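Dropping the structures in below, format is structure tokens.
Same chain, two partners: chain A is paired with chain B first, then with chain C.
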Partner chain A sequence: MFNYRVYWTFTKKSFLRSSVYRFDVWSRLGSNIIFLLMWGSIWTALYAGREEAGGVGFEAMLTYIVVSQFLTGVNGAGTPLWEIQEKVRTGDIALELMRPFDIPLRYLFADIGSVAFYIVTALLPLYTVLFIFMDLALPTDWLTWLYFVVASIIGFMIRYCIEMSFGLLTFFLVETGGIEDIFYFAMSLLSGSVIPLWFFPDWLATIALYLPFQGIYYIPNAIFIGEIAGAEILVSIGIQLFWVAVTYMTLRLIWNRASRKVVVQGG
Partner chain B sequence: MLRYVELYFKLVGAGIRAQLQYRFAFVMRIVGMITAYSGTAITMWVMLYQFQELGSWNFYEMLFLFAIAILSWGFCIILFFHFRSLDTYILNGTFDRFLVRPINPFFHFMAMKFDVAAFGQFIFSIFIFIWVSIELGIDWSFGKFLFLLASIVGGVLIQGGLLVIISALAFWTTKSEQFYWVVMYPARNLTNYPLVIYPKFVQWFTAFVIPFGFVNYFPAAVILGKETPFFPENIGYLAPIVGIVFFVIAYYIWMLGLSRYKSTGS
Partner chain C sequence: MVPIIEVEHLMKDFKIAKRETGFAGAIRSLVKREFITKEAVKDISFTIEEGEMVGYIGPNGAGKSTTIKMLTGILVPSGGSVRVNGIIPYENRQKNAKNIGVVFGQRTQLWWDLPTIESFELLKEIYQVSNERYEENMATFTDILGLDEFLDTPVRQLSLGQRMRADIAASLLHDPPILFLDEPTIGLDVVAKEKMRTFIKEINKERNITVILTTHDMEDIEKLCKRMVLIDHGQKVYDGEISVVKDRFGKIRTLVVDLEESDCILQLSGGKVFKEEGNRYWIHFNRDEVSASELIAQITSTHNIKDLTVEEPEIESIISRIYQEGFQDLPNPVKV
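Coming up: the complex of A and B.
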């Protein structure tokens, strides 16, 4: 039986906990702004005054980057990879195994709380101002906004499952150096978070399209600026749903193995 | 002075022996570093696949710019990276042991740790230097090579200086690690790309306030013969001096903070 109230408590608690660590929120927002400045400048320089490149207008491209940076903020506000690894290494996670809840779900619901706090207090105010004062290509009909929100939430779930799976690999490996770097690389490049897939070399774009990472940034961003439009939107969201299912089952599989390993070792 | 040099190697030698006890961890960390930097290099390549140039810098020139930053950062990790966690030492009260010994506390804290994983940075950046030199046909005269070394030293002092200033903040605020992630980590990322692409106030800031421009952008422009709009030509030659001045300032800020330091008093 799935008991919503237990998990909902985690969400509320972590929302409240975030409100105590104000400095964290501000520092996270600070570096988000610096990275926004960096990628905004890079794309302005790449376009070098051209109105459009590769069939995409400059305004749309700039919008892509701003929205992507917003989603980076959303996806970065949960439990970071190193914290999960740390919990496994120190054995803290074993204590949680004794408690009557499912750990992958417990972290997901806790993340939702801290992410919600960060969105409400930091991201929304900042990006509302940016949307108003910058020359950006915002969607004109409400349905696109809705699709964007849906795609972003599914993207968040994909990212959560992948990141948690990588974190739990710590159970099986003594040293995770190299593995987490591959994760971060895939997360930034193959997801299309800083360079949209249509600017990739063809072979690399094909690889990226067959991987789950594009569902995290590329699909929501491209829906937002109208590069994915019409019937394609539903197909893309379908692909995202497929990846949520796959990554969630992978996470479950790794978790089952991992928790059994703890029992064996803990003797 | 000589006593300090001898002492530094003794303290550091002990640190290295300790780290080499974990061979596998050591190798994996180096592999991890190289993977991460290759990731950034691949991102640059993909970025320029369609566009060819970023603010008149091509892919190889950008790699060169990146490699200078990585090489000096490698030395910086060895010498100064642990400064960022001074706050932990202060909060735990373990900082006091640096004060009760008959040597300069700044020096003692600096020699406490020597991170050998910086080999990853060295392998990566030296590989890039060779590759780019061949691709761009840079002719390495003795003078040019000497200037590269001098500006690497400058870059180490600038980045090390900022780490020292960040750690000194812990004397006033009991926070330092977080300042690293807010200020320095993004600043380092910013300077992986030629400064010319940023708004003027950012360029001005990175030249004269936190002089990260002198870590790689200005020296690389001198070596590759690139223009640096808004700045005097060959301003890059100043890099070593800027490094020394900035580090001396950082050292005095740290000592000032230390004089204000009160133990957690448990």
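Coming up: the complex of A and C.
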């Protein structure tokens, strides 16, 4: 009984809502740039004038950082974890549960709206300029760009499913500070968002490769800089698709249990 | 008449973690938690017919909201059965959602940061209301509720009165046959309350919408409902016409007299002074045992009366007496 118009309305409305908070857009962009500068200088210092480290050239590494910050911008603009926690904590989730729509999907589409607004108004202009004026290793053929876009979108979906699943744990726990920490830790380290997987010690790299987080940052990024190339690309996207399926099913499972276990705060 | 809501032997238990006190207790509760079961709703049955407007009342913590939440499908009952417009709410929450409108006085269903009209448009899509019906409804609601003053204002900047008007309009946009109102007049001023009541009365009459009203404002009940369901400690203690309660409990009237002198000791047969302030005296009497004029005659034989009034018992004072004194004397429920 999927009615696409219902959900699409959420995308439109949250796009609109994002435009109300323009300061929020600018401050996110500001912090995005600061982190970009920070990681840029750290990696420049780590390379210390060397052309290559871990089999990857400096230019490619720098590109990895820039793309990673871009993807951080995209994935950070969606905030289902925070929103669902807020709704459960205040009890407003009750009102959402009384509506004829599916809550995980409703938040996904709303998320797409706020992310789209941020991409269009802030990320694309900034990163277009960076891509043009910085010495970066950009893909030369359009197919790689296409794979990158596809992999990024799938990555976004994986992140959404995982983040929402963590958010839904609020139904069972009420206090979720610890859960949040685990989520953000996994998101920043295991996804390869700040350190590419090839620099990981073997044991950690193995762990990361068996987890879904690498699908969010590492795979699209490695495709972009050519670390993943040729037939490997399709294999990697296949792995991503596998994780979308798994995380989505996990999300549904948690949601089914959560919605049966509503304890609305107050009254 | 067709029953639109059927509730039978409804029960709901909550498990609540027992908090231990003190430092040692806090440490202990990290490892091992004990739960106590609280029966929020013990055994409640009632039926509501199409087009009825019923006051669902009880003191805080009586189980009112819990019942409403089971009727809307967001809580799963621990026992018994619920049927709302032929649907079991918790099994088919989304379908049930289309049949009900809900207003919580304490929360808003509107998007906080967007102009009010955007929330209406969102709801139009969510409930797939046709363009014509949407326009019609908006025109009617704008007319009665004066929505046009603030349709372009973001919800967070609305006054409470405006927000409530917007909220009730929002709950009716999809023409639900059933409307749940949870304290719809809380915090409103007298004029706004009156407007809200008029509106509720009108939509109940003109659209034949079944209304269940939860409130602590007895004036709401008195002005809007013929029937009330009174619950306490998760159980139904009265279900029937308000006038019956009023008659039974309303036998106790209050005579207020201002005498010329203060500190009098009034010995009256059939009446009892329960409060005095300066030279004003409040006297309870049972109108079946003694009439007001007999009582006044008794007083005038020994004192000079400057002024007097006989107060009609308001449902509010009746209910507060019932809450305090218990329910033993209540007339048997008219409906079961």
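Operating definition for what follows: the second predicted complex is superposed on the first by the 260 of 267 C-alpha atoms of A that agree within 3 Å, B and C clash if a C-alpha of one lies under 4 Å from a C-alpha of the other, contacts with A are read in each partner's own complex, and residues count from 1 in each chain.
One rule holds for everything that comes next: a residue touches a chain if its C-beta (ideal position, glycine included) is under 8 Å from a C-beta of that chain, and two chains touch if they have at least 3 such contacts.
For clarity, every value in this text was computed on a predicted model and none was experimentally measured.
K.L.:
Looking at A:Gly91, would you say it contacts chain B, chain C, both, or neither? Reply first, second, both or neither.
P.N.:
second
K.L.:
Go through the superposed model and pick first if A:Ile42 touches only chain B, second if only chain C, both, or neither.
P.N.:
A:Ile42: touches chain B, not chain C.
K.L.:
By the touch definition at the top of the document, which applies to A:Asp181: first (chain B), second (chain C), both, or neither?
P.N.:
In the superposition, A:Asp181 touches chain B alone.
K.L.:
In the overlaid three-chain picture, which partner chain does A:Leu204 touch, first (chain B) or second (chain C), both, or neither?
P.N.:
After superposition on chain A, A:Leu204 lies in contact with chain B alone.
K.L.:
Just chain B (first), just chain C (second), both, or neither: which does A:Pro100 touch?
P.N.:
second
K.L.:
Quick one: is A:Trp82 in contact with chain B, with chain C, with both, or with neither? Answer first, second, both or neither.
P.N.:
Neither partner.
K.L.:
Any idea whether chain B or chain C touches more of chain A?
P.N.:
In the superposed model, B touches more residues of chain A.
K.L.:
Considering only touches as defined above, state whether A:Phe172 meets chain B (first), chain C (second), both or neither.
P.N.:
neither
K.L.:
Given the touch rule stated above, what does A:Phe242 touch, chain B (first), chain C (second), both, or neither?
P.N.:
neither
K.L.:
List the residues on chain C that touch chain A in their complex, please.
P.N.:
14, 65, 69, 72-76, 93-95, 97-98, 100, 102, 104, 106-107, 109, 111, 113-114, 118, 121-122, 125-128, 154, 182
K.L.:
Within the complex, which stretch of chain A touches chain B?
P.N.:
23-24, 27, 30-31, 34-35, 37-38, 41-42, 44-46, 48, 53-54, 174-182, 184-185, 188-189, 194-195, 199-201, 204
K.L.:
In their complex, what parts of chain A are in touch with chain C?
P.N.:
Result: residues 1, 3, 5-6, 9-10, 13, 16-17, 20-21, 90-92, 94-95, 97-102, 259-260, 262-264, 267 of chain A touch chain C.
K.L.:
Under the definition above, what is the set of chain B residues touching chain A in their complex?
P.N.:
Listed in rising order, the residues are 24-25, 28-29, 31-33, 35-36, 39, 42-43, 46-47, 49-51, 53-55, 175, 178-179, 181-182, 185-187, 189-190, 193, 196-199, 202.
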